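Here it is, the structure in full.
The chains carry the letters A, B, C and D, assigned in the order they are written, with residues numbered from 1 in each.
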Amino acid sequence: MAENLSDARYQVALANRMLANEGVLDAFGHVSIRHPADPGRYLLSRSRSPAVIEPDDVLEFTLDSEPVAPPKVALYAERVIHGCIYQARPDVMAVCHHHAPAIMPFVIAGVPIVPVFHLGAAGGESVPFWNQRDEFGDTNLLVVKPEEGRSLARALAAHAAVLMNNHGATVVGGDLRQLVSRAIFMCQNAEYQLKAKLLGEVATLTAGETKLAGVINALPNVTNRTWEYWTQRLDRAGATPPRPRPRPKARTRRSAAAVKRRGGR
Amino acid sequence: MAENLSDARYQVALANRMLANEGVLDAFGHVSIRHPADPGRYLLSRSRSPAVIEPDDVLEFTLDSEPVAPPKVALYAERVIHGCIYQARPDVMAVCHHHAPAIMPFVIAGVPIVPVFHLGAAGGESVPFWNQRDEFGDTNLLVVKPEEGRSLARALAAHAAVLMNNHGATVVGGDLRQLVSRAIFMCQNAEYQLKAKLLGEVATLTAGETKLAGVINALPNVTNRTWEYWTQRLDRAGATPPRPRPRPKARTRRSAAAVKRRGGR
Amino acid sequence: MAENLSDARYQVALANRMLANEGVLDAFGHVSIRHPADPGRYLLSRSRSPAVIEPDDVLEFTLDSEPVAPPKVALYAERVIHGCIYQARPDVMAVCHHHAPAIMPFVIAGVPIVPVFHLGAAGGESVPFWNQRDEFGDTNLLVVKPEEGRSLARALAAHAAVLMNNHGATVVGGDLRQLVSRAIFMCQNAEYQLKAKLLGEVATLTAGETKLAGVINALPNVTNRTWEYWTQRLDRAGATPPRPRPRPKARTRRSAAAVKRRGGR
Amino acid sequence: MAENLSDARYQVALANRMLANEGVLDAFGHVSIRHPADPGRYLLSRSRSPAVIEPDDVLEFTLDSEPVAPPKVALYAERVIHGCIYQARPDVMAVCHHHAPAIMPFVIAGVPIVPVFHLGAAGGESVPFWNQRDEFGDTNLLVVKPEEGRSLARALAAHAAVLMNNHGATVVGGDLRQLVSRAIFMCQNAEYQLKAKLLGEVATLTAGETKLAGVINALPNVTNRTWEYWTQRLDRAGATPPRPRPRPKARTRRSAAAVKRRGGR
């Protein structure tokens, strides 16, 4: 999908803004992808809120979460989440850490998120919990040390996501679009699950249904539809990231309305 | 209402976007109408999110859900929902399948939606449930096979809608405007019912009230009001579908603001 | 406040749109005022959704809810609500009938709305219920007949509002601004009351506090603030009503942006 | 942060609008800062809704809450909240009084807000309650008299905030940005706490975690991120305050789009 590095950085900015626009990310949270040409590196923004990330903010990191080039900007303190998962999970090509309002009640009450509708099956039959306190005692709950990142990756194991007590969640994907779908539909699933509980008994998918429905979001028919939808919503919100290194001449020819719709300036 | 085929396709795009704008449809779901001139066909968009459908996306299908012309684009996997209902219900002129957040808690908890206010009576005294698992065992919950569509249509029977366990709902109407009203007010009814349950005992309309109030949305006084309202809201959101085959000359004469308000470009 | 009839009609359109913008009104509901020069008449829009009403839509009615001039347009079926209250309550200068989502759970569960914060005291110590079924048996729940309107007015008695089971609410005010404040803050009060009940025991204001706080919204310091606030929010939403009979010359001199901000075209 | 008085007034307007845009303030509530050059004074707007405050609205007050210059405009009745806290707490540089929907259920049910996620730790381990009725009997619940302000300040003591029964909350900060963060994250914390309670047992941070996580929002890495985020959201909403005393020449050179994006005119 990411044909070259420039496009890959644009995709990272796009996914960050898309997930912010859909209510998964807010002032915090971050999305990375594995480097399209070098599996030993990943691409992540400098420390900035997802909704305003531009392609030029996206930097290269080693899997030890060290910046490849000496940084002139502040970096996310929690980038070890990404590095440690890319080390532990060769199949993972994209990672998102978030504190979405939809999942917070679950990580505070310690209640498992279970698949309650076909699209919610994207998260698999179960999502494990990781309580930083169990291994590291009292902390500020940020995942900053390599050993904390490795512990989180162990809890994630082969799952699609891991819930972090009193903190948030980390979701992974086989590619960026699968990651985005999973993150969004896991939030919807959590919202419906909570409200269903208020109404009565929560019925979950069977193991068989979860397996069969779990791949729906990877069907091209579905992927194309959801990606166009979230892209258009971002565009209507005026929040599409600017293309990297815009040429001034091209820009002056654009109308004010077009510049505004492209947003983020 | 649909004077000719071109207008009918515009109306299908409009209803899709309207229901997306009112929170009934999201990345998924679809609205169809029976062909205005041929009751043995129906009109449905190619596979695309409702919020971005354009009149040119709307295609003709036989009641076996086969495209009349060889398709060059992806089609909805679940179009048998529409075909099987048009076969079973000659009175039905419009169909909407959706996963609205308002009804999901009910189809997950298996709790019936009952009429709790006069506009909610549009759904009738009761809405049946259809659990795909009962007849077909473990599936991915998508309604793809003709026998699945026929089973759903049998569960719908003569009702205004059918709830699909752990999946969503399908609503029908005697015309497109009745369908849109029913879908929207059934969602409002579900939201109010859930919150009323949190407060205390839910009081429903009597059978007599439900019958008498059930026709309010078909009164021209009401239909004109709601249609203008939802149309205006869509327009203010900049999401009105473009008119089919716009003539370039006319377009250049429009101001940039008008183009933007028309949306969807 | 309404210096002349033209301004009065503008104020009616403005209040309708304001209450729609604040979530009190939707496709349905209506706001009227007593005629500024003739207490035996009132001003109400033709049948149209509140969010799109223009000053020219506002018509004169006698207190028997008959239009003063032969109508060329459809009228609200429920206008007797307004006429019967103006007949019964000489102190009432403005009336709003609505189905706000915030109060629907209460009129469905039959749970009283009680003052739970200082601004919620605008509704008084208690709000009576009126169940159309008690006196009229099975109806479509619309208040259409004069005897239904009179029954509702009797239930309202000297209160600030009356809750209508499985239907909505009707709120009154000593002037239009008091009415708008009351309607908005009664909705906020209801939302907070429901959520407080989910948390624990709901504490209400004392009778003394309710009386003292009940007049806050009538303080000029407060009225000016809230009216400017709701007006600005309406303007930012691009939904301010057009001025009555705009002169074409003046309009062409306005910029496209100004026209758009004025909204409603 | 506030280099001079002109900028300080701009920052007060900005923080008011920012907190309105994030759902902490609405028609009511107000934000002040201690005078950057004179700790015996504070800066607060004239009586106006936070969302529309302009820098020129921000006035100087003594710690007795008397305006330094004779006022030509209406003042907030509750400004003693600010003065009495600045008197009692030399460490406090910014104060916000609000009725945020998120905290209202807690002050109505009398249920303590406890830290349930790392960012919610900004409010400290506990937030005290203050019930005006305890000391002053039946009032309209507004904090208007100096003795009421002093009583509130005593209840606040050394805490980050104080909850006011059936009224709202008052939050303080060591600087304006800390105040804004605290106010926003305390609201998020309250929302998550309520929903977690609906799901099951609410797990709080330990005392140690609360202490360690309580300083996250003061880290420059975090402060820069959140401030840019909330600023951008305000800008995208078209609600950034106008710069004080804009020069007409500069303005005519700006495009209509730029004027609109700057908002608030």
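Everything below uses one rule, namely that contacts are C-beta pairs under 8 Å (C-beta built on N, C-alpha and C of every residue); 3 or more make two chains touch, one makes a residue touch a chain.
In this text the structure is predicted, and so the values were computed from the model without any measurement.
Asks: Please identify each chain that touches chain A as well as chain B.
Replies: For chain A paired with chain B, there are no chains in contact with each.
Asks: Chain B-chain C contact: same residues or different, taking over half shared as same?
Replies: Chain B vs chain C: different; shared/all numbers falls short of half.
Asks: Roughly how far apart in rotation are chain A and chain D when fitted on CA atoms, stated in degrees to the nearest 5?
Replies: It works out to 90 degrees.
Asks: Report, in whole Å, the distance between the mean C-alpha point of chain C and the mean C-alpha point of chain D.
Replies: About 31 Å separates the centre of chain C from that of chain D.
Asks: Please compute the C-alpha centroid of chain A, do the same for chain C, then give the distance between them in whole Å.
Replies: 44
Asks: Among all residues of chain D, which ones touch two or more of the remaining chains?
Replies: 197-198, 256-257 - these are the residues of chain D that touch more than one other chain.
Asks: Make each chain a node and each touching pair an edge, then name the shape: line, ring, star, complete, other.
Replies: The chain contacts form a single closed ring, each chain touching exactly two others.
Asks: Which residues of chain A touch chain B in their complex?
Replies: Residues of chain A touching chain B: 116-119, 188, 191-193, 195-206, 208-209, 212-213, 215-216, 220-221, 224-226, 228-230, 232-233, 236, 255, 257, 261.
Asks: Across the complex, what residues on chain C touch chain B?
Replies: So the residues of chain C in touch with chain B come to 26-28, 47-49, 51-52, 74, 77, 99, 101, 104-111, 133, 137-142, 165-168, 194, 197-198, 237-239, 256-257, 259-260, 263.
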